[in-house]
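Shared chain: chain A. Partners: chain B in the first complex, chain C in the second.
Now for the complex of A and B:
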């Protein structure tokens, strides 16, 4: 275990620790462009150079192993001069188009220039090397070769994380640029991570570009519900609009975030977002829709079936269970989902596309219910007159519903989710609009924090269920989401 | 447009690969072979080579484009490659290059209409001691000055590659 001194503070670190990591443990920040904790070390940007006593030259902190007795300085005049020089070098051919650059505000060049340089340029604008700008590469990214500092984070990401190796540094010296095969798209399912790790404005997200300046964005830590992996994310929003989702790196689940997960917020702001009920194909105000659904349920009563959903939170599933047991008082309710879980692609995407299969199990354990196969059998046998469930969960009993012609009533957030031949649809607040508890494939509890408000009049699903019961003259006494959790054991 | 590596090339490639512990180590020798066959490395050739060596296409392209020794389009009969690195530059390579541009009426990277000369500037040829240096196809011409260059061009125009 080597012991060393960094800026006068001594520390003992594991063998093999780099100077940069050791400094980080001490809370000493060393600037870097090419270094990324989850990628291999490249040592090309030279921004992290530090002075080590007795070493003839400055050393790159990212690639130098800590050794016994090293005396390191990150603040000496030599280091400061080196940082200034590296920045001047990186900025020689930089187009300085910050006013029209989407990276402005979270740009490594801007930030470090302010922190470590502040020197005027000695190079004429006219002498700069010009390169291709705003080239769309694949469905999610735009590449600006002029802004690139050739740190190769994107190259290493594609070869080490996705193992698709689309990107490389082509040509050499001041001809170099990041390139990929002519006519090939950069679309590997994780490409938006490249926009995140690009320290400058070379790779920007086609989805987020020019939608908002980053300094206007507010950040809420929440959870991705794109699949059972349950990645931790941050939603960036402003004035009730979500602009992007980015990963919140954590040791348990994720460093990155897949492209599918990043775009899940789209449905909240989509044109087909439901703020009213739907009866057959006609939009109808929420109150009459609720009254209609309640009277259909009253008609059918014990031949009503209620199916939970792995796409809903534990609270909302529990509310449905309470409705079945204490409201409708039917025996045909089901909280039994057994999708196979596990990482499908070796990175993040789960075999189970629903976020809460494990969480629904806890509801089933507390409230009982029948198996999914038994529910299908009862529907097929014609014992069920009406099924109440969530739109995507209805897909799991599609065959049975079709063969029996059972009346289907669903909860849906978007019109596009509603299955064909649905009798009635009730809107509910999505988990970007209301908190919810989920359990991911690892058994970890995940809680969503809502960045935005639901459309006017749209309530969380548990509240809609509570109201539905009230219309039928039953009281479930669900005043809050927590009320629904009563009797459910969560680890 | 399918580019197919000849069986003969593949046999040679197998022999070359056998000399190296890893496939990617054989990349440069195989690119040289490819260039020997056609006079340049075609885009489709890079693709075929990537498949043969089971390397990503981007890797092959990156290596090919890094080295100025690999030509990416057919060149003239004589490929004039003027060193542009520091020793040659200080010994007047830039002036020689400008002179060639004027005399041949072409820019860097272009070929004369008669297909005899292609002009490029290249990175260090490793002959700094006898700067300025120009490489013609496989041959070095060292300690150049304007007169020597004119004489050389004259010989080359008549299809003679002088001793050097």
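Now for the complex of A and C:
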């Protein structure tokens, strides 16, 4: 346990701790470009140099291990001069095209220039090294080689995290550039992380490119529902539009975010987002749609089946369970879902593509119900006249429905989700529009926070269910999402 | 005194053996590895590649009880402009190198030695391969050397033309099949070197001195030279002297003795202006500084320069220092591996400024810019390539500022020397 002093403050750290990490523990920030906590140490940018007493040269804080009795300064004149020089070196061949660069506002060069340099340029514009700009690399990224500072975070990400090694530094000296290896395309399922970890505007997201200035974006911490992993994310939005999802690194679940998860927000803003009901392929206003669905349920009553969904929150599943038990009063309801869970690619993507299989189990534990196989049997046997469920969950009983010709009523957020031969569809607020509780594959409780509002009149599913019951003269007394959670035990 | 390294008529194995060769190996194999290392320590032999690190000490850094293989690597990637001594040594005395490697391999417990040789040395590689085959046929390398039970194989590996691969960790990367870029240190190669195993790397000249040290003893070797600069050193002289070439001299010999006596002085009508004493990266000495300095590690350090690789570049008063520096800058700009920011960006910047000086388009303020760019590179990178660019810039600007000022004023220096001349073989920097 070496004891050292950084900027006059003493600290004792674990053996093997770097000066950068030790400083971080003391709340002393050391600027860096190539260092990334989840990637190997490269030590190439030279931005994190600090002065250590008795060392003949400045040392890189990212690669130097703390040793007993070290006296470290991160603010000495030598250190300040080194930072100024490194910034100048990085900027001489930089195109300075901030006005058209997406990174502007969250750029390592801009930020550190303001913090550590503010020196005027001594370099002749005509001498700048010109490199290839705007090269699409893979489906999600654009590469601007002029903006690149060659920190190699992207190269190390591809070799160490995805282990696909698409990128490499080509050439030497100031004609070096990041290039795709021959025959490779940058499409490894996690490529958008590169736009995040690129400290400058070299790699930008093709999806986010030119959509918004980052300083207009508001940030909401929420959860990715792309699979059972339940990564913590941040939704960046402005004026009721989501612009991008980025990971919220945490020790439990994720540092990164997969490309699939990143683009899940698209459905909310897609052209087929439902704001009205659908009866037999025809759009219909919400109120008449609700009334129609309520009367079909009333007709069928005890031969109604209600199926929960691992794509819905615990609140919304619980509301469906209450509808079955206390409203429709049918015995044919099912909250029995099982699926194999676990990370399938060694990084983040789960074997279970539904976000809430574990959460539905908690609802089933509280409210009972029948097994999925039993539900299918009852449908196939013709005992069920109407099935109410969520659009994607309907896929789980597809075969049974087909053979029996049972009437299917679903909740869906997008028209594209609606299974063929659905009788009626009711829209509901997605989890980018309303809060919801989920349990991920690790058993961790996850709560979504809505960055945007649902289309006019579209309510959370639990509220729609409450209203459906009311039309049939039953009261579920669901005033809020929390009411639906009554009786459910959550860890 | 008699040469230790550069000998005539010992290139063939038979001749080498007849002159007493491979006896030191037999002697070494009867010693304990630690005794060999002690002998080398006693000899005060220092690394001849440029850094001058004590060789015996370097060998002793190999962890005693580390499991797995250890490696010996001979650095024959002679790339420092002005340097051509290892090549001469390989041509004239290849078996001294091979014998030195076998002894070093035994001392550090290595079973394999690699000679990483500059790619352009195709003929020398062939020569070494033949020497290796001959030595193997006689049982001096290979399995169970001289019945001792010690196995040691030597392989040659040609580089692909990058100067940076002369830096030891970049060399290891290249030898492993990767792009030649220096590694972060620590860990040092003695702990984690080739293929992640403990590795000793020595220059050709260092290893070739080992047989004599084992033969005659460390104390004998330490008695040659001066103080901590023990033994003889190869000096390769280029520039307008009457007899440029490689000379073996005891360390501590006055620089002017090398130029006047060994090289026969400057060509008629030439006047000494400056000397780069240890390869293109070492700080330049003015004529008067050169006149007062001796060729050993300490004297040259005291004079503000370095012994380096022993490449003495003589510059006469017909040469333009701005042009010479431009040539150097073009070299280092081309050879920077591009890993560290200050070197990657700084080398190119320096060349561009110098191009403007040469074109008469620079203003006087840019002399200070030049100096401060070099200063900003100094000591701030993973390997010393940035220093190798910065040191000549700083010393040229400091000592020959008037020539830069004249260029900035648009006065032609009228010398028109440098790159163009060089292509016809007339420049001082013939190896650039």
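Everything below uses one rule, namely that the second predicted complex is superposed on the first by the 487 of 491 C-alpha atoms of A that agree within 3 Å, B and C clash if a C-alpha of one lies under 4 Å from a C-alpha of the other, contacts with A are read in each partner's own complex, and residues count from 1 in each chain.
The criterion applied here is as follows: a contact is a pair of C-beta atoms (placed from the backbone, for glycine too) under 8 Å apart; a residue touches a chain by one contact, two chains touch by 3 or more.
None of the values given here were measured: they were computed from a predicted structure.
Trainee: Just from the overlay, do chain B and chain C fit on chain A, or is there a clash?
Mentor: Chain B/chain C on chain A - steric clash.
Trainee: Given the touch rule stated above, what does A:180 touch, chain B (first), chain C (second), both, or neither?
Mentor: first
Trainee: With both structures placed on chain A, which of the two partners, chain B or chain C, ends up touching more residues of chain A?
Mentor: C
Trainee: Going by the contact rule set out at the top, does A:85 touch chain B (first), chain C (second), both, or neither?
Mentor: After superposing on A, A:85 lies in contact with chain C but is clear of chain B.
Trainee: With both complexes superposed on chain A, which partner does A:399 reach: first (chain B), second (chain C), both or neither?
Mentor: After superposition on chain A, A:399 lies in contact with neither partner.
Trainee: What is the contact status of A:159 with respect to chain B (first) and chain C (second): first, second, both, or neither?
Mentor: In the superposition, A:159 contacts chain B only.
Trainee: Which holds for A:167: it touches chain B only (first), chain C only (second), both, or neither?
Mentor: First partner only, chain B.
Trainee: Going by the contact rule set out at the top, does A:63 touch chain B (first), chain C (second), both, or neither?
Mentor: second
Trainee: Hey, which part of chain C ends up inside chain B in the overlay, 3-11, 39-47 or 75-83?
Mentor: 75-83
Trainee: For chain A, what residues appear in both contact lists, the one with chain B and the one with chain C?
Mentor: The answer is residues 168-169, 171-173 of chain A.
Trainee: Can you tell me which positions in chain A touch chain C when the two form their complex?
Mentor: 41-47, 49, 56-58, 60, 63, 81-82, 85-86, 88-90, 92-93, 122-124, 127, 129, 149-150, 168-169, 171-176
Trainee: Any idea which chain C residues touch chain A in the complex?
Mentor: Contact set of chain C toward chain A: 162, 164, 179, 184, 333-342, 344-349, 352, 369, 376, 379-382.
Trainee: For chain A, which residues are in contact with chain B within the complex?
Mentor: Residue list for chain A touching chain B: 159, 164-173, 179-182.
Trainee: List the residues on chain B that touch chain A in their complex, please.
Mentor: 43, 56-59, 61-62, 65-68, 123
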